[in-house]
Amino acid sequence: MSTLIDGLSLGSVYALIALGYTMVYGIAKMLNFAHGDIIMVGSYAIFTTMSLCGFPLVAILVAVVVCTLLGIAIEKVAYKPLRGASPLAVLITAIGVSYLLQGIAQLIYGSTSKPVTIINMGNFQIGNSTVRVSSIVTLVVGAILMVILTLFINMTKTGRAMIAVSEDRGAAELMGINVNKIISITFAIGSALAAAASVCYLFQIPSTMPTLGAMPGIKAFTAAVIGGIGSIPGAVIGGVLLGVIENVCKSTPLSPFTTAIEFGLLIVILLVKPTGILGKKRREKV
Amino acid sequence: MKKTLARIFSVALVLVMAVATLASCGGSAKNYAENNTEYFIGATGPLTGDASSYGISVNNGAKLAIKEINAKGGLNGKFFKYEMKDDQATASLTASGYDALYEAGMQISIGAVTSGACESFASKAEENNLLFMTPSASTASVISDRSNGFRICFGDPDQGVLAARNIAAKYTKVGVIYDTSSDYSKGVYDAFAAEMNKLGKSFTAKTFDAENNKDFSAQVEALKDCDVIFLPIYYTEAGLIAKMAVSKGCNAVLFGCDGFDGIKDQITNKETGELEVSNKIMYITPFDANSTDPTVKSFVDAYKAEYNLLPDQFAADGYDAVYAIYNAMKAANVDNVTISPSELCDIVRAKLTESTFVFKGATGEVTWNEKGEPTKVPQIVEFN
Amino acid sequence: MTSCFEKIKNGFVGYFGNIKRGFKPKYYINYAVITLFLIINIISQPKTSTTTLLANIGIAIILAVSLNLVVGFLGELSLGHAGFMCIGAYIGTFISNQIFNTIGSKVVVLILTMIIGGLVAAIFGYIVGFSALRLKGDYLAIVTLAFGEIVRNICMNIPAFGGAIGLKNPHRYGNNLYIVAFVMVLVMLILIQNLIRSKHGRAITAIRDNEIAARAMGINVTYYKLFAFVLSAFFAGVAGVLYGSFNSIIKYGDFSFNKSIEILVMVVLGGMGSINGSIIAAALITFINTFLQNKLPGDLSALRLLVYALILMVVVIFNNAPALSKYKDKYSLSALYKKIYAKITDKLYAKHPDKKQAIIKDDSASWSSIPTKIKMDEVLSTDINTSETLPGGNENDIDTEGKRDE
Amino acid sequence: MSDKIMLKTEHLGITFGGLKAAQDINLNIKEKELYGLIGPNGAGKTTVFNMLTGVYKPTTGKFYLDGEDLTGKSEETINKKGIARTFQNIRLFNNMSVIRNVLVGLHNQPQFRCSPFESMLRFPRHFENEKAMRDKAKELLRIFGLEEERNNLACNLPYGKQRKLEIARALATNPKLLLLDEPAAGMNPNETEELMETVRKIRDEFNMTILLIEHDLKFVSGLCDEITVLNFGTVLAQGTAEEALNNPEVVKAYIGN
């Protein structure tokens, strides 16, 4: 039972990260490989504020602000000049930014992993399995943020402008939408979600290191693609699914092959439905 | 017209190439150390990447030892030079690091930090008969396959056997979590499992690997009601498992090996300073940071003064590896700075494998058999 | 009835006759440069550190050019190239450990394992190729990435492959592996360049330019996609075998996701669709990695990651940012090369001005186009001497703008 | 004009999830005939083309080329059987020169058979093939007056010439039936005139059966022997050009009352 709940909480962490990927891909049509490392920066922001002053809430706030500014800065410096260039060039720059963030973190904090505990939460018993309060908190926080995001996208004016930009950037520009502003907002929201993801991540795994963002980044990207890249609910489903499978695999004797099973699942889903579970079928007009 | 021009140009090119090659042919097996002004001790270790915390600790320990030796006037007037190349624990970077060091005049080395990299380092060192005293590569085959290999820390097998005997004696429900992607962890676990079967004791084993070494909820959940969990892993993952055990309400004893040293600062709350983990923690280790033994105390104080960090077992091993080489060279009173690596290797090996030669370092007293395996008196540290 | 010896002789004469007649120095420069480079190094018996560097460069070139076949010519992004290398390395080393005592000489073992390792990797290439038939762009990228991770995870856990400790290779090939590596580079260059410069090469590039139109022209898209993936996987496997026989131990960690990215970066920086570009980029990046590793000892090594990242970003942004294109034409390396080339051709053609070659400008920025501006067309010439084809000599092989047929 | 039927479609139709894009289309095109397919935008003309070339699989009905049933086959097999097409929005291989575009068209011709391994190892067959293909391509380009620009990149050609290149490339696959999708779209009057001349020349020189979609009624009536008018996916009128164009139904559909 608790493997399920742990799986769901890990899944909601992946979902939060995947949301960042899907939004940036859906609207700015580019793969932000550095998204995983924004989480690492968020966790280091929490680590520094916790060691300076002990208030968890202040730390979370600082993390969100730092990540959002970082997201916008990356977009302005690394991706805006490449707006017209081929998507592959943008992909390589994103990889460059990702290595840059890891290098800087390693220089400042050294590459040893540092323990970070935000709030010590107890646990409670359900049947014979104990469930950690932090998993429940992660689930709840994840759910709330996803609901807020979907509401924001569908209800508010900027949200609809985002959908317009994702449908057809050229037409959106003609309709007087300032595309650059919208893309910066997308990166800002994506990075804020990454900050939230880093908080939930630290609930689960109380330690941070420079390469923290690499593996979760790839797994969240896989989740976003499973769910259908570009669709917000898709990212949530993909993330949760991946989290549960990872946790279930780990408790079975198959656990050395967990990564192989996860990525195997991705290939199977994509071959059955090439654009992911909720992905839109984009047919090239002949 | 164009054809003739191309032909002249290509002939000229070949001529130039021929002249260049004749001028620059160099001999092969030459002693790169002939113009050394100091003894050169080399090493490779992971300074970036996931295993970098172990590489950096060994590097700090070794640098501290070199600083102290040079401060005391070096070896009859001649000083020591030390350098560690970053190998990210991969075989190819270890190989290129070793070549760079060897051609810069390395005469002796403390090998590589991780077992995988040390295998690559050792096989290249064997070709040049260069001695290496690895501080932490504990896989048995790194030393046993060749004659120029020595080691400071315990070998995997004897740690596994020792842990099995201790656990089998005191506890009934036994759980194990080990890392399938780490050669150290697997080596200790295999010896442990063999010994436990010999003693007729059963245990349940759970695994993780380098890609999933952060979230241990599934593993801890499965071993929740064991009285002891044996963890042949490094302290970073051990700290996470300890915290997970607390949040899962499991209060089994956490039994570790020499990789556990350093877990203390992983589980102490930075502000309040007291431990966040209530479980009893025991681990086999040759090095205890707060032991009262004078050599250990002087090392710990010097390390804290130098890096204002508490030294972990890796730092102690690095420190001892350099001192072991220094003591052996002093006992054999080597004084030729430009001695070739293989000559120095034979001298130091002869000295180290003498039954009378005992080295007292931060990690306790050590003697070496002729295979290069250390024999140490183990202590079991306990807290909580 | 000419004896069979005669037939063979004529066959050879005919074979090399064709090549001689269609010989254009421009396409054989990279062969000449590499053979010369190899001969120089063999004569000068380099130090062990240079032989290690050369071997790594040779392996990197094979990987970069084989990935270029898929990414540059077929236009399909593959992030799992290290997975094929991992298969090649493990299979190669495993087999060489088994058969070494039966076959004494290292060279024979190496050649045998290279073929077997390559073929096994090619089979996996076929499997990945199938997924390329249904998926495009980002989705294919993630599937290839997943493939790389799966292969690595499985190789790590197979007990026969040495599990976590890694597969030991007691019969390390030793220092002159770089000779075999560069010979393999030449073999691969010959095969891949000849493939590209033929009707099959045109078919593959047609698929990249416009798959719908290629299908409508009756090109069997499935066949060519699989062919490209299988060939590229074969050479990646061979590179893996070379890597395995060069290092005394191989661990699953050597073939991580970062390795695939490193190879992709070599292809993109060298210019997708340009084989010489991949060769130069592969050599350069391997050199920078080793150079930084030596020059930044101890704790500065974190700087290496930083320097690598900065080089990456600056070069890619400079090359591809549309806003910088006017600076790019003025200051970039290729602009310099064009100026020198223009000066030389002016002097040479001073006597017959009509033959000066027109420089064609093409630029379009979409997923299917090539980010860096390489004159793809020249790469596709097919080594035939067009002067003979039409009666009346070779006057009408140069069209109005003075461009000679290729 | 022999009366052998080159292309026969029986109740050809396709529905995209409920939307009947085209239904119950019956065409009988005789050999060497110039057949027109006209109708207002969205009448399903290009959909019929896509069904004939295998891009879409028709849901109802069948179509036969020279008596052979090709319904539902893949685009490659249909092209090998002898149907070549041009596209509404030009789809050339932009990074290749003009002559290479045509060479790609010649790829599957039986007389140029050569396996990839033969090309890789530069066997004699590779050289013979390449020379023969080049000659054939040059002839084709000469007919279309593109021979001078054969080494320029396809994307550098002016619009009219790009259209002609696309037709030349389609002819290179040596088809029995040539489908032209709005060849005269976006052309000024004398370019259209020139194109009509070229189409006639193709039909006579290559004795090719041609089915074309066009909005320019002057182009269609001047060129086509018979035409079919489509409206909302169904056949409105069939017959010779004058008959169909004066049919009150067609006039109503086009001009609207």
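Lettered A, B, C and D in written order, each chain numbered from 1.
In this section, contacts are C-beta pairs under 8 Å (C-beta built on N, C-alpha and C of every residue); 3 or more make two chains touch, one makes a residue touch a chain.
Everything numeric in this text was worked out from a predicted model, so none of it was measured.
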{"item": "Co-neighbours of chain B and chain A - touch as defined", "value": "C"}
{"item": "Longest centre-to-centre distance from chain A, chain (CA-based)", "value": "D"}
{"item": "Centre-to-centre distance between chain D and chain A (centres being mean Cα positions), rounded to whole Å", "value": "49"}
{"item": "Chain B and chain C: spacing of chain centres that average the CA atoms, whole Å", "value": "38"}
{"item": "Mean-CA-position distance for chain D and chain B (Å)", "value": "72"}
{"item": "Separation of mean Cα positions, chain C and chain A [Å, integer]", "value": "35"}
{"item": "Of all residues in chain C, the ones touching two or more other chains", "value": "149, 153, 156-157, 212, 302, 305, 369-370"}
{"item": "Contacts with 2+ other chains: residues of chain A", "value": "106, 111, 256, 259, 286"}
{"item": "Multi-partner residues of chain D (at least 2 other chains)", "value": "55, 87"}
{"item": "Residues of chain C that touch chain B when the two form their complex", "value": "25, 36, 40, 43-49, 52-53, 56, 149, 153, 156-157, 163-166, 168, 172, 243, 246-254, 290, 293-294, 296-299, 301-302, 304-305, 348, 351"}
{"item": "Chain A partner contacts - residues on chain B that touch it in the complex", "value": "47-50, 52-53, 56, 180, 206-209, 211-212, 214-215, 217-219, 221-222, 224, 236, 239-240, 243, 247-249, 265-267, 269-271, 276"}
{"item": "Touching residues (chain side chain A, partner chain B) in the complex", "value": "2-3, 6, 10, 50-51, 54, 106, 110-113, 115, 117, 120-123, 125, 129-130, 132, 134-135, 204-207, 209, 211, 215, 246-248, 250-251, 255-256, 258-259"}
{"item": "Residue ranges of chain A in contact with chain C within the complex", "value": "25, 31, 78, 81-89, 91-93, 95-100, 102-104, 106-107, 111, 214, 218, 221-222, 225, 229, 256-257, 259-260, 263-264, 266-267, 270-271, 274-276, 284, 286"}
{"item": "Interface residues, chain C side, partner chain A - complex", "value": "71, 77, 131, 134-135, 137-139, 141-143, 145-147, 149-150, 153-154, 156-157, 212, 257, 261, 264-265, 268, 272, 302-303, 305-306, 308-310, 312-313, 316-317, 319-324, 365-367, 369-371"}
